[in-house]
Amino acid sequence: MLKIGLLGCGRIGQVHARSIAQIDKARVSAVADAVPDAAKALAKTTGSEVMSPEALITSPDVDAIVIGTPTDTHYDLIHSAARAGKAIFCEKPVDLSADRIQDCLKLIQDTNTPFLTAFNRRFDPNFANLQSRIAAGDIGEVEIVTILSRDPSPPTISYIKSSGGLFRDMMIHDLDMARFLLGEEPVSVYAVGSSLVDPDIGRAGDVDTAAVTLTTASGKICQISNSRRASFGYDQRVEVHGSKGMLRADNMLENTVEIATETGFRKAPAQHFFLERYEAAYRAEMVHFVQALVENVPMSPSITDGLNAQILADGAARSLELGRPISVG
Amino acid sequence: MLKIGLLGCGRIGQVHARSIAQIDKARVSAVADAVPDAAKALAKTTGSEVMSPEALITSPDVDAIVIGTPTDTHYDLIHSAARAGKAIFCEKPVDLSADRIQDCLKLIQDTNTPFLTAFNRRFDPNFANLQSRIAAGDIGEVEIVTILSRDPSPPTISYIKSSGGLFRDMMIHDLDMARFLLGEEPVSVYAVGSSLVDPDIGRAGDVDTAAVTLTTASGKICQISNSRRASFGYDQRVEVHGSKGMLRADNMLENTVEIATETGFRKAPAQHFFLERYEAAYRAEMVHFVQALVENVPMSPSITDGLNAQILADGAARSLELGRPISVG
Amino acid sequence: MLKIGLLGCGRIGQVHARSIAQIDKARVSAVADAVPDAAKALAKTTGSEVMSPEALITSPDVDAIVIGTPTDTHYDLIHSAARAGKAIFCEKPVDLSADRIQDCLKLIQDTNTPFLTAFNRRFDPNFANLQSRIAAGDIGEVEIVTILSRDPSPPTISYIKSSGGLFRDMMIHDLDMARFLLGEEPVSVYAVGSSLVDPDIGRAGDVDTAAVTLTTASGKICQISNSRRASFGYDQRVEVHGSKGMLRADNMLENTVEIATETGFRKAPAQHFFLERYEAAYRAEMVHFVQALVENVPMSPSITDGLNAQILADGAARSLELGRPISVG
Amino acid sequence: MLKIGLLGCGRIGQVHARSIAQIDKARVSAVADAVPDAAKALAKTTGSEVMSPEALITSPDVDAIVIGTPTDTHYDLIHSAARAGKAIFCEKPVDLSADRIQDCLKLIQDTNTPFLTAFNRRFDPNFANLQSRIAAGDIGEVEIVTILSRDPSPPTISYIKSSGGLFRDMMIHDLDMARFLLGEEPVSVYAVGSSLVDPDIGRAGDVDTAAVTLTTASGKICQISNSRRASFGYDQRVEVHGSKGMLRADNMLENTVEIATETGFRKAPAQHFFLERYEAAYRAEMVHFVQALVENVPMSPSITDGLNAQILADGAARSLELGRPISVG
């Protein structure tokens, strides 16, 4: 039985706790949170102990650590956990600075620490199925990847300010998805963006509408577009055009019901809430982490994946700033 | 060049004239209509001559006759035309009485007259494709046929009164489609029906909402449902469940545009007007008639198909009257 | 905290145990099964006690009973539980005999026992949404209900033999759905059926392909078709045609991925396994049961719903036998 | 009756002749082609006269000219026709050089010549419907336009060599569509491209796979992707994300039939042939031209639209060459 310590008992920590509860070979043994009540509540639900982060990380009752705390705490927690010999499941982004992720990467390699960068979308059953079919050659060689990704509504301005900006906060998921689907590293990134959804986002120095173009050495192309708003739900679509065909994953709708009236045929909106939309992905991601540890096999996405996505996000941000494509990789 | 005489210059006669205009090997040579202006107008468009029906039928300038006049005139016109040695394209229903169709059938066989019963839906590219794939074995043995057929809005009460009733006027198309798809003759028919759309239809002795169940000797089943009203357009769907799979043909929508808003994803209504919905079918039907004549090969659906559909419609009407299934065939 | 005793620890009992585990206000307190190991296993998972059925039913540690045992045991267990003053959640069918359900109904009413007939499909989020929109008047008056329901593959012949036949075992779900959607009791039922999937099913005296027509006093119509086989998954579709529009619920597919190649655009098959297809329904059904008990409000579907569906299934079986429609209600 | 002279009797000239044949207020009065037999054939079909281009342009029997000859002849023909006082319908591209289009534009304005640049896609019923709904405010402000456009298969290398390259030959349609949908002029264009479909295309100095990003002054974004190959047919999709919703137009499939088997649900491929896919658009485009002339109202797209699309195509080609975004407009 794998004993897992949860660092962070907020919304995402609770999601991971629920996932672990459904896995036979693992259980939550300890929890920590800056807010004592949050820790207590989750300890109660999971039948685990409240500890300080330091105690949790070094506890003999903890085999693996799930880091679900604010991004700026990841660096130190990763270092402590790796030195304490614990396996690490770390929420994305690993850090807002690629250099600091590089530091973590070195440590992870030196200490041979099992590490999962929690890009949950790779575990979405739809996207995972799509990627496995690319890998199986169902559409021949990948040529053009198109990613359409829109949040239902923008976060608060205070969140925006500490988020690292749209490219590092939101598009990083799509940049990782691009790498996942292209099967080849991007060598250039070009970004455009503007503030069309909320002028306050622009005033805060960020964009809310953006598009990125990636190219690879062999000439594959990826186009990504993002908006912080979509009236019809959480818009999450992926399409891959290959030499022999095309694969696409459409949105998950709220239900399968369709109504037909004089105005036409209407289906339900897309699921709005990211925890609902990616419920299966969060579960599958934790299953993978536990299974890889129990069976002692490599896990993926690695910290290198976390680093490479961050480098692309940094490149996109710099491209927008400079108004020209940036070489990466 | 096949010379065609059009009997009836109304809406359906004009449709056939347009179809013929697009066929290289045929032309309209003569037209006739009880309304002189209608005949004149179509003669002008087609560059043909106005004649009396009698003159047209016996004219040496006419090789084949298209009968698009009111149903109660079909019987006599078929007789005249067959005796005059002309090929016949006859709008459905051939007649409202199966006995009288039987008479026509005998004459057609005795005179060896090429005859097409114009069940246009068999020529719809979707339904024709579906049927050809059944015939090719794509779904194995046919087991259950489901036909959903709804008009956009009811006809006038005066039309209803002279129509022969829903089963003979409207469902006859679906009964023919059932025969086309089952690939085996029905042996029993059971009908239910009511007047839910317009009480005046009920008062006129007809139903506007009906369902029929057909069975064949080998145990195949067909369910048909009809309504004289569908707010979302002309609802014309067919589905066939077989031992190895299922084939279905969905509605033709007005366009491919979809809008997504907070109420969901909305596509256009179904095409409303039967002449638009079945435009390609009307064209293909005339192409088949001309081609069969020119190449001297059999044409289909035959007058026997017209008779058998009528027998099913009569059976359905009688089933509704008696409240029990009727044996046919 | 509502204490629930599970009678039957097989597949369906385990489903209910998982549902209860996710409900804050309820827990499994006791389990019973004719197979001791099955009971022990579920007791361990749920942290509950193994008891004999008799002890469980009368235990002060049990407030409500979930009956998931073979159908022929339901009658006695319902009687014991009602007399012991326990609320009852009973798997469908309540019994294979309408008379015996009538007995149970009388007892339930006399003892004022909270009772849920577990027609899980009413709790499917799609069908529930569809029905609530009918109730809200979104499509005006219901006119024609069409239910297409096909199992992925037939059960074993031994199962068939003790099942009560297709109408009582399989179509009963659709007959209940028909009642749920029509909003009015059927007054006549007509059934046809044959053995096209497996001749052994025919030899066992049952059909594997069937269609039923229901009518109500006001003239509403329902058509149901069933097959014991569908190559493309568990086919579960419902469509309601009303005076102002149409509502339909399509199948749940395995994922949202679509591939396009020279053969066209291909989506995933329908989910195959009923426990996966109706996972959300099973959960919602138990939530409703617990909530109704905790809040002391009526629950639905009632035992009367169980009885009425059984009467329709009996009518369908008799109609098939006699070859004519049967009056019911 | 508007008398139209056709310059060019090839495939596209024949399409326009068929469209004119269906318009009451217009007829083909004269045709010209460098290949005498082609001219003769079309003259016969249309009942018109064969003339030399020069005679046709100045003939009193010609009110309007349809230019469907090779691109490098457009410039001179436009000049002759405008000087002869004829209205002009000109196939796209007007010319491969923006400067030369500028010359034509000046002449057209000076001579007040009615001129239609035949960007047929604007007349496609789907795209036209989509654009009119944007204009009606159905999705609020346009924010992101996505255009996915793929040919079924690449043209010959000899065609490629004289085509002006992918951006001027193929993407120009999408660049015009972008302007049509953005409702605001692009100010920057960035292009990437590669030769993934056929290395010979690369050797000929062109790309076969490309993506372009456009931005407007107010921050709207457009992403276009092109491939010279799509196994599943002629892939022509457009999507517009706005502040209040999203509009998209999907592909036109060969038929509405869907087959379900153990591999899933399969629909037909997209229509392959551009003349079939855009049949309705070609017809509507000619109707607009004739109607605008007859009613003496402005026609659109204008020669300025032709020029602006060309400037974008030139910008895209230059962007690809220089590896950076290009300012336009």
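Order of writing sets the chain letters: A, B, C and D. Residues in each chain are counted from 1.
The working rule: a contact is a pair of C-beta atoms (placed from the backbone, for glycine too) under 8 Å apart; a residue touches a chain by one contact, two chains touch by 3 or more.
Computed from a predicted structure; not experimentally measured.
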Label of the chain whose CA centroid is most distant from the centroid of subunit C: D
Pair with more cross-chain C-beta pairs in contact, given A-C and A-D: A-D
Inter-centroid spacing, subunit D versus subunit A (mean Cα positions, whole Å): 42
Euclidean distance of C-alpha centroids - subunit A vs subunit B, Å: 57
Touching two or more other chains - residue numbers and ranges from subunit C: 230-232, 244-246, 260-262, 268
In the complex, subunit D residues that touch subunit A: 141, 143-144, 146, 148, 150, 188, 190, 192-197, 209-211, 213, 215, 218-221, 223, 225, 227, 229-232, 235, 239, 241, 243-246, 323-325
Of subunit C, residues touching subunit A in the complex: 125-126, 129-130, 133, 138-139, 244-252, 255-262, 268
In the complex, subunit C residues that touch subunit D: 230-232, 253-254, 260-270
